[in-house]
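Following are the structures in question.
In what follows, chain A forms one complex with chain B and a second complex with chain C.
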Partner chain A sequence: MLLQALFAGFFGMAAVWFGVVVFRTSSMVRSALALLFSMTAVGAMFLAMEAEFLGVLQIMMMATEMAIMAIFMVMYMMDPGGLGQMDMSHQKRAAQAAGVLGALVAIGVALLTSWGPAANAAPGAAEQTRLLGIELMERSMLIFETAGVTILTAMIAATAAAIERRRR
Partner chain B sequence: MITLLVALIIGALLFGIGLYGALSQTNLVMIMMGVELMLGGAMVNLVAFWRFLHPEVYAGQVFVLVVMTVMALEMAVGFGVGTARFRARGSVEMEEARELKG
Partner chain C sequence: MSFLPVVLALLAGAYLVAVLEGWVSTGRFRPAGPILSGLALLGQESLVPRTPDRIFFEAGPVLLLTSALLASAVLPLGPGVVIVDLATGALFVNAALVYVMVALVMSGWGPDAAYAMVGGFRFLGQLVGYSMPIVMVIAAVAMRAESLATTEVVESQAALWNALYQPVGFVVFMAAAMALCFLPPFDLPTAPGELAGGVVAEYTGWRLAVLRLARAVLVVTVAAAVTVFFLGGWHGPVLPPWAWSAVKTLAVAAGMLAAGRYVPRVREEHLLAWWWKLGIPLALLNIFVVGIMLVTVGG
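On to the complex of A and B.
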């Protein structure tokens, strides 16, 4: 249990550190890579918490997502390499206050709530994946199907928004 | 129990950093990165709740899958809007955006 807490804490601190780097570096490509590392560390945290399927899924999804994000950043940013040291932020003080306040409130709730006894063991990886599949195909099927339809709708909406309109 | 608290604190920190990023950045792509970090924090909490409070109820894992879907959708729609904006105005700086007209 202690080893699990150590691993979860280590990967969690890595996720937080890379999360900070995302907004500290002026190079957009480095920002995208830092977010990739942060999300990968979150995936490693899932693995440390014995959610193997979700951990592997998170790492695979984020690797693809951040690769796409890096391409868009290079395409759309005025200074993707950060060589011009442009400041692309505003209302920093208010944003810092909101971020610190949000984190403190969430930490306060986490520490002050009585969570009850913690479960000691989770099912093995293969059993977990089987049970998740059964959950998706039975009780949560409507949610799963709704997610699928929502993805399709978003794909069509994003393409429609991005497509070039020809003016007659 | 200690791992649950560690995970909840990490989730709170990720949420705070993401909130700071989403509020302080002027570029659409960077704002989306902030939102991704906030959703990452929420996912850490959900996995910790599933693992340490109710490992026998798989709705917790389904909730994480839904959040992952939301992350992917946010990226897709955000980049769609970004592409339209870049075509119309040549930039994705949100300080210059006062309307959603393409």
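On to the complex of A and C.
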């Protein structure tokens, strides 16, 4: 239990550190990959907390997502390598205020919510996968299907908007 | 503890794959070739290009090796001969191998060189192509085994291999496996003769040795994954289980290396078009057919 807590803490710190790196570096590629490793560390936290399926899924999905984000960041930024010392931050006051407010709200939620009694043991990994499957196929099905169809619509719309119209 | 046997088997497999790759690409069979070229690389100066992204440049090859090793940790060589028997093993294989792309993007971006960067980003595009079909095929394999654990997947094929039960999935998975190992005709990130080595162009000396080792380990790992998911893993008559795993893995690796000789390199946009217009529909069809077969005929 102590070891698990130590690992969860370690990966939590790693996630926060990589999150800080995202904003410290001026290279877009470094920034995207730091975000990826921050998310990977969150996945490792899941693993440390015995949520195996969620951890593995997080580690897998984030790599693809962040890499695709990196393409867009490189495509649209004028200085993707960060070699030109270009300052890409803006609205600093508002951003700081939003950041502090967000952190306070998150800490407030973490401390003030009654989380209920802590579970003594997580169900076995295979059982967790089964329970998640049942959750996705029963209670949460509508939510996930709606989200899926929305994303698909957005993808088709974006592709349609990007394709140059052929002249007849 | 099956850590040591698995790692030794992996290294031996990587050596044999290096011999095979030399044989396939040069036409000469040199059993000592990898040792000699390895020693030559270690003796060579390892240059660092001008203005590199040093962290990416150094971390790329190591991450490539790490991701291949992590994926191999959940692939069983025989009953009980597996480093960790994860309940989500089949998903974990893919999760670890996604970092191949991260490693190649890092080593492509790291040296601050045009060819390397083009190579790295080409592999990213390649991943956008093959990653969806590979997961869908694994889903169909897990459907038959009713489990994501790799040992259960092997057990589910005791009577009939998945290669015969779901041949469409097998073909899609083999193609995706070759794309994942960037073997010809999917060797877009390295593209000898066109990108002059691409991602590996700027690496020399021991760094290149690590990169080559990582690539060979990756080929063995992916071939082992094909064996576990489709060729019944350790099942087979007469020979002991580990020997069947080894024979099948090497046969798959040899097949992947040999197949690339007869096909011209695919262009990036053609590759994406083929994967999205043919690969994904085939993978979906595979899931559908396997589902119907499971309901009607049974596993």
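Descriptive notes on the structure:
One rule holds in what follows: the second predicted complex is superposed on the first by the 156 of 168 C-alpha atoms of A that agree within 3 Å, B and C clash if a C-alpha of one lies under 4 Å from a C-alpha of the other, contacts with A are read in each partner's own complex, and residues count from 1 in each chain.
Criterion: a contact is a pair of C-beta atoms (placed from the backbone, for glycine too) under 8 Å apart; a residue touches a chain by one contact, two chains touch by 3 or more.
Here the structure is a predicted model, which means the values were calculated and not measured.
Applying the stated contact rule after C-alpha superposition, one finds that A:112 touches neither chain B nor chain C.
Of the two partner chains, chain C is the only one touched by A:27; chain B is not.
When both complexes are overlaid on chain A, the residue A:56 reaches chain C alone and has no touch with chain B. Touched residues of chain A, counted separately for chain B and chain C, are more numerous for B. Judged by the touch definition given at the top, the superposed model places A:77 against chain B, while chain C stays out of reach.
With both structures placed on the common chain, the touch criterion links A:68 to chain B and to chain C. Within the superposed three-chain model, A:142 lies out of touch with both chain B and chain C [touch as defined at top]. The intersection of chain A residues touching chain B with those touching chain C, taken from the two complexes, comprises 53, 57, 68, 128.
Residue ranges of chain A in contact with chain C, taken from their complex: 27, 29-30, 33, 36, 52-53, 56-57, 59-60, 63-64, 67-68, 70-71, 74, 81, 83, 124-126, 128-129. Per the touch definition, chain B reaches chain A in the complex via residues 1-21, 23-30, 32-34, 36-37, 40, 43-44, 47-48, 50-55, 58-59, 61-62, 64-66, 68-69, 71-73, 75-77, 79-84, 86-87, 91-93, 95, 102. Residues 1-2, 4-5, 8-9, 12-13, 15-16, 19-20, 22-23, 28, 31-32, 35, 38-39, 42, 45-46, 49-51, 53-54, 57-58, 61, 65, 68-69, 72-73, 75-78, 88-92, 94-96, 98-100, 102-104, 106-107, 110-111, 115-119, 121-123, 128, 131-132, 134-136, 139-140, 143-144, 147, 150-151, 154-155, 157-162, 164-165 of chain A are the ones touching chain B in the complex. For chain C in complex with chain A, the residues that touch the partner chain are 51, 53, 55-56, 86-88, 91-92, 94-95, 98-99, 101-102, 105-106, 109, 112, 121, 124, 127-128, 131, 147-149.
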